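Read the structure below first, then the notes.
The letters A, B and C name the chains in turn, as written, and every chain counts its residues from 1.
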Amino acid sequence: MEETRPCVITLSTDFGLEDPYVGVMKGVILGINPRARIVDLTHALSHHRLKEAAFILSSAYAYFPPGTVHLAIVDPGVGGERRILVVHDRQGIWIAPDNGILTLVLRNHPRADIFHLTNRKFFLKEISSTFHGRDIMAPTAAHISLGTPPDALGEKVHDPVLLEFPEPQQTEDRLLGQVLWADHFGNLITNINREMIVRTNPEGRPTVRIDGRTIGRIHSTYSDVPREALLALIGSTGYLEIACNQGRAADRLGYRSDHVMAVEVCFE
Amino acid sequence: MEETRPCVITLSTDFGLEDPYVGVMKGVILGINPRARIVDLTHALSHHRLKEAAFILSSAYAYFPPGTVHLAIVDPGVGGERRILVVHDRQGIWIAPDNGILTLVLRNHPRADIFHLTNRKFFLKEISSTFHGRDIMAPTAAHISLGTPPDALGEKVHDPVLLEFPEPQQTEDRLLGQVLWADHFGNLITNINREMIVRTNPEGRPTVRIDGRTIGRIHSTYSDVPREALLALIGSTGYLEIACNQGRAADRLGYRSDHVMAVEVCFE
Amino acid sequence: MEETRPCVITLSTDFGLEDPYVGVMKGVILGINPRARIVDLTHALSHHRLKEAAFILSSAYAYFPPGTVHLAIVDPGVGGERRILVVHDRQGIWIAPDNGILTLVLRNHPRADIFHLTNRKFFLKEISSTFHGRDIMAPTAAHISLGTPPDALGEKVHDPVLLEFPEPQQTEDRLLGQVLWADHFGNLITNINREMIVRTNPEGRPTVRIDGRTIGRIHSTYSDVPREALLALIGSTGYLEIACNQGRAADRLGYRSDHVMAVEVCFE
């Protein structure tokens, strides 16, 4: 009998890396499935920036093998009334509190099955009221990685919590969007993607502005402009970004995560 | 022949994650046992906060499979007279410098065997005087994960270094303890656990105070109180915590790791 | 048929750990080789400190099994004219942009084969202009870990970019070098190694000075001097370091990464 391919489980949380919480979840997973391959996506999410978390989650999963189990844990409502959801699609399986963090995954996969995780058979025996990542979600992910079908986990759900996401506004000759988050390099990632730009004007060479300031044309890569110059480009996730060649656009433009920065793509 | 279950090795150090030191230890381990599953618990320990390190280590191991090898390296005395210990119990195996970092593990497992790690057969060939994590402890952990019995590693030890841990004081109607550490969320974890509270008064509904300030009753979870309110609860490790719903208790209460905060549980 | 040993792939980047970029590269690798063992060396490199990055890379690989694939990604020129190199030696395989980051690896392995990575067969199907770590280097590393020979990847290269590294100056009774980087503990690692010191004077007991300040003799380990005292010693990488017993030499001596600190080893 051929050995089965080991399953990948990704972890995205707001736990940070200084405490043992992430490691403890891995211990629970490996105790159930010692062959699971666990990958940290990020542990720097925050419940104060839930839309950013939803965007980061939606930008990453396409690069994982089909069948990957994605745990996403930002859970200030732990132990209260909020449900835990399991989302199942051919592309992958997501486990997360029902707080909207899966909004963009669900928008990308409108036919995915959604279950309310209630089957205690797959939980740890003792369940704390403050760490369901360890006691409920990690062991369930491990059991799924061993072949437990998602429909064994609980009843179907048809009303997941969804966040209102700012959709770019399109007029005849322009797109109006906003910055969603700033990455480690200080690149500002917007909610305007390549398809929207092409749909607005398949031939044009638009100008990009941010908070009224003109950045210029859309370039291919950083080194298309002089060192330390700002530029607009389509980033690696397919979304329009404002960057700075060998510098930090976020610092140059005074980005703050609690302030909305308007982005304009003009074909006039 | 059935394939054996791959062994888990956990790493807890004060190395941080910016330098290559943690990765190099993993290289040494995988060179000896390519199937070992290595889990980072934390690399943010400090020799200035050794009791906190001892507590973190003691709170995590129960969630790992039996037989897991735990490396704990906070080692300012490296290359000097201090011994390296191997602690062996049915629950797991610990390898650490003999500086008290295993105090609470040893208290939980009073019948564990303790060995002085001296058998150079399991070390790297060249041993530096400043990185025994890489040259001695990592290769020994890898050999143990392949089945080397701990009693092959050195002589038995009966006098490990133990830290004096502050034990909560119990009177008829109250418990007096203190804060042990603050986690990434700003939760303040104390040295008073659920069993002590029940033993003091199995029926009562006590009031919790910290540095003389009344926090209130012991709640089940964060969302039991309004947003940004302080609360006391039994945390995920079984110990009393002072937290703040969607906020940071450590900041609200002015926690500093070099100042002892007194915690009082009163049944009067 | 015996199962082959799983291959180790190390990652060294300037991506930080807060964004999902490192995790996404791991997803790409595991999608191609689910048995690859991936080890993070560091994600705190910087294109502003490329020599430090070159030194860190050169200090770590000897502790990994032969055949390990090392990805090193500091790539401000991504999408422009710069080449991607694959360096192949009995000790290991390195994949990196051709910007000098492999200078010390190439100096240590002057007979290594160097290839210009151009064979698109091993890349992802869609290649962004800003994330070749994910689209080109990670999938190529995974294919190499499955046995693809490096000479299938592109043409041989004989003119890799090399950084000018400051070589210590040796006179009859002294060595003049400099600090290369400061690690997490505040240890200052210099470009003077044990062999250079022995070659200068095999018998002597030299005095070490830093920026004109006398540190003293070369000791074996931290605890050879009183607590909080500065000392010189040969560090775990074989290079002279200035450290502080249970303290931070970098803070005590005012180290800044943009200022060159001169180090002197005197036998007079």
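Just so it is clear, contacts are C-beta pairs under 8 Å (C-beta built on N, C-alpha and C of every residue); 3 or more make two chains touch, one makes a residue touch a chain.
Everything numeric in this text was worked out from a predicted model, so none of it was measured.
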Interface residue overlap between copies chain A and chain C, same or different (over half shared): different
Angle, in degrees to the nearest 5, of the Cα rotation that carries chain B onto chain C: 120
For chain A paired with chain C, centre-to-centre distance based on mean C-alpha positions, whole Å: 32
Overlap residues in chain B, where contacts from two or more other chains coincide: 17
Residues on chain A engaged by chain B in the complex (per definition of touch): 15-24, 26-28, 30-31, 34-35, 47, 76-81, 128-131, 134-135
Parts of chain C lying in touch with chain B, wherever the complex brings them together: 5-6, 8, 10, 12, 17, 37, 39-44, 56, 59-60, 63-65, 68, 183-184, 220-224, 233-236, 245-246
